[in-house]
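Two complexes are shown next, each including chain A; its partner changes from chain B in the first to chain C in the second.
== the complex of A and B ==
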């Protein structure tokens, strides 16, 4: 009995040590990025030799970084809009009637996520070359929408499945048209889901890198693409400054999404 | 928020108007139509074009010669020693990362499932935050940590565990660590979302019957979360075989993604790049099929036992 107890204590300690070590592994790289952005020297070292805000000053004076930031916002809002409209409509249509097309829809929407982004990037570059969209914002928005729509779609499927559809029928019976009944009955119940879906689509676009690398030109390059170009030339703390902004935006998005729903639900949607 | 509210109903409304009188199924179809058209135009058609270009001849002044048919690009892929070794390296990387990732992911998902309150939120947050952070950041952070003059080496040296610094980056070990960090969040969440639907009493019952705790996890939990493990394996494998950032920054080896980028953007050899992509995609599908069959059987056998 005592040896059993000993073993159980040992297992408890090992289990705890295991997941705490993984917790550190998951968060340490992001911590390194944030801390090195306050570096006083031109070298990235962790922990830094000295601290200063000099690289933050440089960021706000760099036209190239600010342009990339604008590009990221344009592409991000475009993606959020396109993915939300497509995803919400698709999920809603499937909820009304799940016919043979509906059964095809889920795998069709999901497959792009399982293909390495490099192959998608190459395929889309060749395609946009053919149809004359190469180098446009639209090419990056369409590529990111391919990646973000599944998320919005599955978030909305989950949201719609919890909605009580008899309410919509009741609205119909009371004489409300389809538009009015959607806006007044369905929308108030699902608006949090739509908001979280759009937010996730925006973040996915903001952070996506491989497809953007293939599809962007110096005029349309987004933040991750420019960061990549800079890292390959010289690793200076400017990249950490930009990365810190990106991490803060993601933290902000998670906080907002958690307020609108909850962390448990959000996590399940992301898988 | 206000922008979203105004945009969404109006776009839905305009799609709705012409179909207001139609039957339920037509209405459903029309709502799904934009998404189906989008997937066809931006996903299915581009893949046929990729396939077509892979059968075209190379051209000296254009990216490929239009209207020509040849198998030359495929012959080049299969006869080039360089490309073959790159395929081998990419698949080896994919298998190594998938194994490491799935084992860690099962453990981490289990820890999240068993914890509650603040710890649970913290563990979930530690998975969701990297997932929503760009690949570029997730990769380069390992340079100051793992390089010969980096943090890990300094700590190990000062503790006297090693005598001279070890080179983790650049090396294949570094790539496996970096790439595992990239795919781990997806794998953890895929497994966790299945685990969260499980009934804890089943595990408790196994323990009451005398199974040790590690054994009860291995024989009760793992088979039940097999669907999540399959998804986690497929994602880890597909993305690691196609890894781009981690091999480039953290090793001196060349992965498929780096080579094909070079063929496309520097060499402008579209047919060869297309054929190489098609070959990789087919090989990956075969591997995923095998993986799927093996894991399914593994899960099934455990259920019978």
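== the complex of A and C ==
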């Protein structure tokens, strides 16, 4: 009995150690990127010959990088907004009226995720050319929304599945029309889920490269697009600096999401 | 005025029929209980009155208005849900004031009215509480206050007491009854608990398989059930199968699985043929038990002077079940098991193995045809 228990514990430990090792191995490149961003010399090497903040200084002086940064934020916020509205409405509508169209919705929404981004990029470029959106922020926002909407949709499906729909009945019953009942009763229950979905859409947009490469012009190029162009010319630590910022934003977003979803839980624990 | 008329109400979900045919007029100020087993369509009927479901056929009118196609938020009905469905992110007071807010009642007035309603259900000191922290009974009171706060024409109750423990449920039944008497509003109460229906209802509507089978006062449906389903559903009874042996002007003689002929007195010539299969219902309260005293009273039947008949069988006690105020004996007679009851106060307690004699008046026995319909005797 005891030896059995011991063995199980040993297997547990071995599993955890193996899992941790795999995780570290996969996350190590991120560490390499961050470390090389503090390089003092003009080329990427690990470990760097010397450490300095010189490339960070360069970044904040480069108008092109700062523009790309702004572009990424504009496209990211636009995508988050569009994908969240579409994803939330789709998932909500399906909960309310799960007809035969509803059954088609899930696979339909998934399609953009299954088409290679290169193909999407080319087709969208031709399409936006036709409708006169070429070179606009809107074209990149729409392309990214195509990708981000399914993710928001699936997040919201799971959020809504945990919602007590009798509350919506109760709201209707007490005289709240469709809009007021959504705002007053559904929204407060799912706002954390919506926030997480929006954050996810933002991050998807921030890191998307292939479609942005096709659709952006020098005026609208996002960070991944500029990074690509720069790398092709010279592999200097500026790329590491930009990557570090992207990693920081993503990690920051995850932290915010965790805090947002657990805030209510936290306040209950404290009271 | 808020009488409710349901006519030929039907609700189908795809291939499934939840409600097949419900027609009833509910009087203004009446408390009607819809009673039935789960899946009988009683909750669906209630939700159609509330406007939360749209009937596939039939009409609903409240007062003078046909409300069949009117959504829930345009009807002045109010529902207390089974799980109460309080809004977890709002305080108790905000919950109760919600309906008034949706009716655009000014903030001060709605707070005042909500507080008054919380006082009414003895929850006045809980106004700032988070509803998720309340006990089941407290949630129930808040849900009731929330529904009553909008001053509805009709209050609909969807098994709101079924999640409470027995004691609390009985207290709430009395309280609901009092509230109903105070407000003189129309209440429709759905329940699967017959005791609850008998305690609360002015009239009981019994539902089975999507149909409203019988509507009547509690006394009427219990004493005068329309079919075998209702007899079995309302309280416990012994169903004894038998076959009609012969029919006379005053009596029906039934050969039963008890191995004895049971005689039922009749007022008029009953609509039943010789040889027809019958099920007889012997409720425990019509059965009296005795130790068999002598050989001459070993069962059979005697016609009494007033034309009624007394029947009796001899059996052996198999099981004794103490149920607090009553003792239930399971008795085997000729291979058929029946149960009889006595109040616990009876001194000469019987034990398993005792031979006893069970007597009843044939006039108290109800008879049902093979298709479940009642034979009027």
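Here is the rule we go by: the second predicted complex is superposed on the first by the 239 of 271 C-alpha atoms of A that agree within 3 Å, B and C clash if a C-alpha of one lies under 4 Å from a C-alpha of the other, contacts with A are read in each partner's own complex, and residues count from 1 in each chain.
In the analysis below, contacts are C-beta pairs under 8 Å (C-beta built on N, C-alpha and C of every residue); 3 or more make two chains touch, one makes a residue touch a chain.
In this text the structure is predicted, and so the values were computed from the model without any measurement.
Enquirer: Give one word, clash or fit, describing how chain B and chain C relate on chain A after superposing.
Expert: The answer is fit.
Enquirer: Output check: A:192 vs chain B and chain C. Expected answer is one of first, second, both, neither. What do you get?
Expert: After superposing on A, A:192 lies clear of both chain B and chain C.
Enquirer: On the superposed three-chain arrangement, identify whether chain B or chain C touches more chain A residues.
Expert: Residues of chain A touched, chain B against chain C: more for B.
Enquirer: In the overlay, answer first, second, both or neither for which of chain B and chain C A:166 touches.
Expert: second
Enquirer: In the overlay, answer first, second, both or neither for which of chain B and chain C A:177 touches.
Expert: both
Enquirer: Does chain B (first) or chain C (second) touch A:36, or do both, or does neither?
Expert: A:36 sits against chain B, while chain C stays out of touch.
Enquirer: With the two complexes superposed on chain A, say which partner A:134 touches: chain B (first), chain C (second), both, or neither.
Expert: neither
Enquirer: Rounded to the nearest angstrom, what is the minimum C-alpha distance from chain B to chain C in the superposition?
Expert: Across the overlay, chain B reaches chain C at a minimum of 7 Å between C-alpha atoms.
Enquirer: Pick out the shared contact residues on chain A: the ones touching chain B in one complex and chain C in the other.
Expert: Touching chain B and chain C on chain A: residues 177.
Enquirer: Would you mind writing out the residues of chain A in touch with chain C in their complex?
Expert: For chain A paired with chain C, touching residues are 164, 166-167, 169-177, 180-181, 184-185, 188-189.
Enquirer: Write out the stretch or stretches of chain A touching chain B in their complex.
Expert: The touching residues are 8, 11, 15, 18-19, 22-23, 25-30, 32-33, 36, 44-47, 81, 84-90, 92-94, 96-97, 99, 101-102, 104-105, 108-109, 111-119, 122-127, 129-130, 142-143, 145-146, 149, 153, 177-179, 182-183, 187, 191, 194-195, 198, 200, 203-204, 206-210, 213-214, 223-224, 227-228, 231-232, 235, 239, 243, 246-247, 250-251, 253-254, 263-264, 266-268, 270-271.
Enquirer: Mind pulling up the chain C residues that touch chain A in the complex?
Expert: Against chain A, the touching part of chain C is residues 50-52, 71-73, 77-79, 81, 83, 85-90, 98-99, 102-103, 146-147, 150.
Enquirer: Could you list, by residue number, the parts of chain B that touch chain A in their complex?
Expert: 1, 4-5, 7-9, 11-13, 15-17, 20, 24-25, 27-36, 38-39, 42-43, 45-47, 49-50, 53, 63, 104, 107-108, 111, 115, 121-138, 140-145, 149-151, 181, 184-186, 189-190, 192-193, 196, 213-214, 228, 231, 234-235, 238-239, 241-245, 248-249, 256-257, 260-261, 264-265, 270, 273-274, 277, 280-281, 284
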